[in-house]
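After this come two complexes, each holding chain A, first together with chain B and then together with chain C.
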Partner chain A sequence: MFKGLINRFSFSFLIGFTILFLILPHFLPRFYIYFFSLIFVTGLLATSLNMVLGYGGMYQFHHAVFYGVGAYTFALMLIKTNLSPIFAFIAAPIASAIIGLIMGLICVRLSKLYFGMLQISLGSLVWAIVFRWYSFTGGDNGIHGIPIPSIISSTSKAYYFTFIITLISLIVMYMIVNSPFGRIFQAIRDNPERSEAIGVNVKRHQLIGLVIAAFFGGIAGTLFVVVEGSVFPDLMFWTFSLEILIMCLLGGWFTFLGPFLGASIIVTLRTVIGIYTEYWTLVLGIILMLLIFFLPEGVLGYFTEKYKGRFKTPIVNKE
Partner chain B sequence: MLHVETLQKSFDGFMAVSDANLIVNKGEIIAVIGPNGAGKTTLFKLITGHLKPDNGKVYFKGENIVGLPPYKICKKGISLSFQIVNIFNRLTVFENVQVAILSYQKKSLNLFSPAKKLAIKETNEILENVGLIDKADNISGSLSHGDQKVLEIAIALGNHPELLILDEPTAGLSPEETSATIELIKRLNKDLGLTILFCEHDMDLVFAIADNIMVMQLGKTIIQGNSDEVRCNTEVQEAYLGGGSDT
Partner chain C sequence: MITLNITISGLFQQILVGLSRTTILFIVSSGMSLVLGVLRIPNVFHGSLYMIGAFLAYSFANFLGGSITGFWLALILAPLGVAFISFIVERGVFCRLYEREHLMLLLFTFAFMLVFGDLVKLIWGSDYRSLNAPAVLQGSFSIFGLPFPRYNLFLLVIGPLVAFGLWFLTNKTKIGKISRAAAVDREMVGAVGINVSWVFAFVFIIGCFLAGLGGALVAPTQNITQGMDHSIIIEAFLIVIIGGLGNIWGALLGALIFGLTDSIGILVWPQFAIVFPYIAVVTVLIFRPKGLLKSVW
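On to the complex of A and B.
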């Protein structure tokens, strides 16, 4: 199935990284293991956003909602039901996908910025419900001490679990963006009007793309709970959505792994700078400005451009 | 094959197309001519569903297709190549044509098989036919205007249309590129048996290749007929040919 998807070079690269990350926990202190798990989770989240943002050209401004819904569904299933945790793992991404479907049905009627605006308002509605519903979601306190199944509860076990699920999700997403569906999704990004003229049902395609992205966002949400052991409403606050968006832009939103790289950079900076100052967002703002001026295609985008010469001409978006 | 009856469209009170009539028979090359602002592009967009007409009927193979969205009309066998270059900028030339073929083959919801391996033969066939095969791996946004216009036609061909609508296929092209495009149109009509509807400013060219010409002015169809009938029509002479001059 993977034949023709990646070349031998990237394949050995992939194997190398996998081995590196698998043996890493044996050498690193616990904090770094936790730190890497967090990077995987956030990287997966950013990559899932980029499926609709970079490949679909949809201004998905409130992706964190799907992340939060996944995390909350997982946490609530573990706490409020006696079902096997397996069901919680299955239910969480599906719940995210359903929320994605509902929001999508309302939003895809609109295009470009209006799509994003409406999504922010609908997403904030979900956030407000979670924030206020003390009896069910714990309100602004969130839920702490979630009973994670013991098989994945220790830091290094959570690390392995997160790594493997992230890897599988990334591979599946990579297959999707390189499938006919993904190709046509990119065509829609470049030119929705023309896509319609070649017989593509644009709205339906966008809706499906959004549901898929929400699904993977939900997976990232469950992984977050596994790593962190708690959930709180900030997970789906709109400022966090912007942060994910910045990760995509920073890493390079026209590349597959760019968002993952962007997520690693942001998570690292946040952790490191967080030690020295509370005003981490100030640094984030400066990064964003530098990014817009010097690396409009993102870090990875910059390097692919430099070495492959693939995106030679600057592409001017219409409108 | 295509039958347009008293089609109407106004934008905020401005009648862009007020009474368009057109008959296209299978296998013909039909030209629509008319001064700037006569409503040619609007007419094409009305036929292909990109605009919704206020009134009138469009029959394609006996079926009224007015009001259908563009993607459905495309599936029925009408492809439009746009006047203003309208391609997928970030995709390669190959991918531009490939997506049209994938869509035609109803593979647009296929999530897991690698697109790299699909529809290669069909895509290359079309690229060879239009002469873009050497540039297959170029990013389409970096092509010259002339090549992009040809790519427009190639994308439209990807849907295996029965009726190909070309909105000013030679606009902005050099004389050499224009004649190449004309050759291409003739070849598509002859070899693939495509019915072609196009609009154009260059009179000589229209009279040279069209079997049948429809003249529009101020949103109205003045006449449809062969080149002699059109040339002799006094209304056309007044409105368009400017009393004998050929341009």
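On to the complex of A and C.
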């Protein structure tokens, strides 16, 4: 299955990381376990955005909506229904994918900036409904104290659950971007007109890509609820969408793992700087400015470019 | 849930309230539209400038002793202060980035929004502030037996004045004509010997001045707080989109749609009043994705 997708070097790397993260909770205090779970969730979210942003070249400006819809669906299924939690886990990503499909059907006929702006307005509509529907979604207070199933409710159990789901999702996404579909997707990013000319249905591929990204965004939302135990409308506010975009940019959106790295950097910075000062967005803003000036390809993008000849990593290159 | 006991006078009152809201939205979003049309920058920190305008108006008015002249001076000085900030930002940073992709510019302005948001918190603290309008504009008078604040009437006078001023600037003055030409073809404007970079700076400053003016004008009607920037920016952005990018009359039309659906929505279904403008925006964009009026792009 992995033949040709992954070489021996990165395979041993993967195994090493998996073992490291599996034994890690035995040595760390509880706060760090929670912190790593948050990194996995955010990293998965950023990677799912990058599926359409970096690989598809679509201006997905409001990805947080899918994250929020997944989180809310999961939370509401647990609270309002008596069904087994398994159904909540299944329903949440599907709900996100359906929202993605609806938004995609409306948006994909446009391109670039117009696509992004229509998506922002649709996403804001979803946000406004959630923000005001007090009787159903809890309005601006959100929902707290969600009854997470006891097998994954403790910090370290939530950690293992988050880690395994994130790992599986990342592997599936990696396979998707390297599948024939993923290749066509990248061709569309690089030259939509030519792809159209050789018989690719551009709009349909973009729609499918968006739905897949929304699905994984929904999984990330579910994991967030597992880790945090609460949901609130800020999860799908547009500023958070831009923050995810920043994560992709920071790590480098022409690489597969870049967004994950970017998400880890942002979550770490927020936690570490948050200890010393409440002005952490000031620091984030300055870092972002420096980044756009000096490293427009992102951190991982920069190093991939620099050490291209030395490691033959299967990271997808820019062109 | 939905109770439709709308009286004519109540409707009329809400329309007036909606129109005064429209004035603020128009002033802010026309500035954004101007910047988007000529410089092609989706300026996310426009909302921060609006917030800074409100805080500056508060500080100036208090510094000048809270008298009537103090208020009027604050109304002029606050936007000028904002324009000065934007001048520094534009000459210092933005003039080097015009050739970048839209996405990069968007994120770059977002970075500025984060920085400005925290700077405001650093300078003014995170408490609520409120600014009182001068006695002439306080109180209200009745229309069809329902009270209507005097300050809102003042806003209804200011709105058309700003619209006229903008029309005059872009259509009747030389610099306005140059900037419209630069919006269409910046290289050609440069080729005839005009310093395009300074034209851009001028337009950017005018746009940001309008954001500051909107903030200063809104200050007496609501609490001045952190987070003003987040809510206004998404509204202004959507107004600019449904109006047609870079089209000032489009911004007026969009602001009307946004302001009126919001205020009439309060009559129809108060809990979901904020949803109505978004529904209007989405409806417009589904049928006319490039905006109602002609975009300059």
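The criterion applied here is as follows: the second predicted complex is superposed on the first by the 308 of 319 C-alpha atoms of A that agree within 3 Å, B and C clash if a C-alpha of one lies under 4 Å from a C-alpha of the other, contacts with A are read in each partner's own complex, and residues count from 1 in each chain.
The rule is simple: a contact is a pair of C-beta atoms (placed from the backbone, for glycine too) under 8 Å apart; a residue touches a chain by one contact, two chains touch by 3 or more.
Note that the structure is a prediction, hence the values are computed from the model and not measured.
Asker: Give one of first, second, both or neither to describe whether A:Ile275 is in contact with chain B, with chain C, with both, or with none.
Answerer: neither
Asker: Looking at A:Gln186 after the superposition, I want to know if it touches chain B, chain C, both of them or none. Which is it: first, second, both, neither?
Answerer: The answer is first: A:Gln186 touches chain B but not chain C.
Asker: Could you say whether A:Ala197 touches chain B, chain C, both of them, or neither, answering first, second, both or neither?
Answerer: In the superposition, A:Ala197 touches chain B alone.
Asker: Show which residues of chain A both chain B and chain C reach, each in its own complex.
Answerer: Looking at chain A, the two contact sets are disjoint.
Asker: Residues of chain B touching chain A in their complex?
Answerer: 48, 50, 69-71, 74-75, 79-80, 82, 86-91, 95-96, 98-100, 102-104, 107-118, 139, 141-142, 155-156, 158-159
Asker: With touch defined as at the start, can you tell me which chain A residues reach chain B in the complex?
Answerer: Answer in residue numbers: 1, 3-5, 175-176, 178-184, 186-187, 189-191, 193-202, 205, 208, 212, 254, 310-313, 315.
Asker: Using the touch definition up top, name the residues of chain C that touch chain A in the complex.
Answerer: Answer in residue numbers: 42, 44, 93, 97, 100, 102-104, 106-108, 110-115, 117-119, 121-122, 230, 234, 237-238, 241, 271-272, 274-275, 278-279, 281-282, 285-286, 289-290.
Asker: If you look only at chain A, which of its residues touch chain C in the complex?
Answerer: Going by the criterion above, the answer is residues 59, 106, 109-110, 112-114, 117-118, 120-122, 124-125, 128-129, 131-134, 237-239, 242, 245-246, 249, 278-279, 281-282, 284-286, 288-289, 292, 296.
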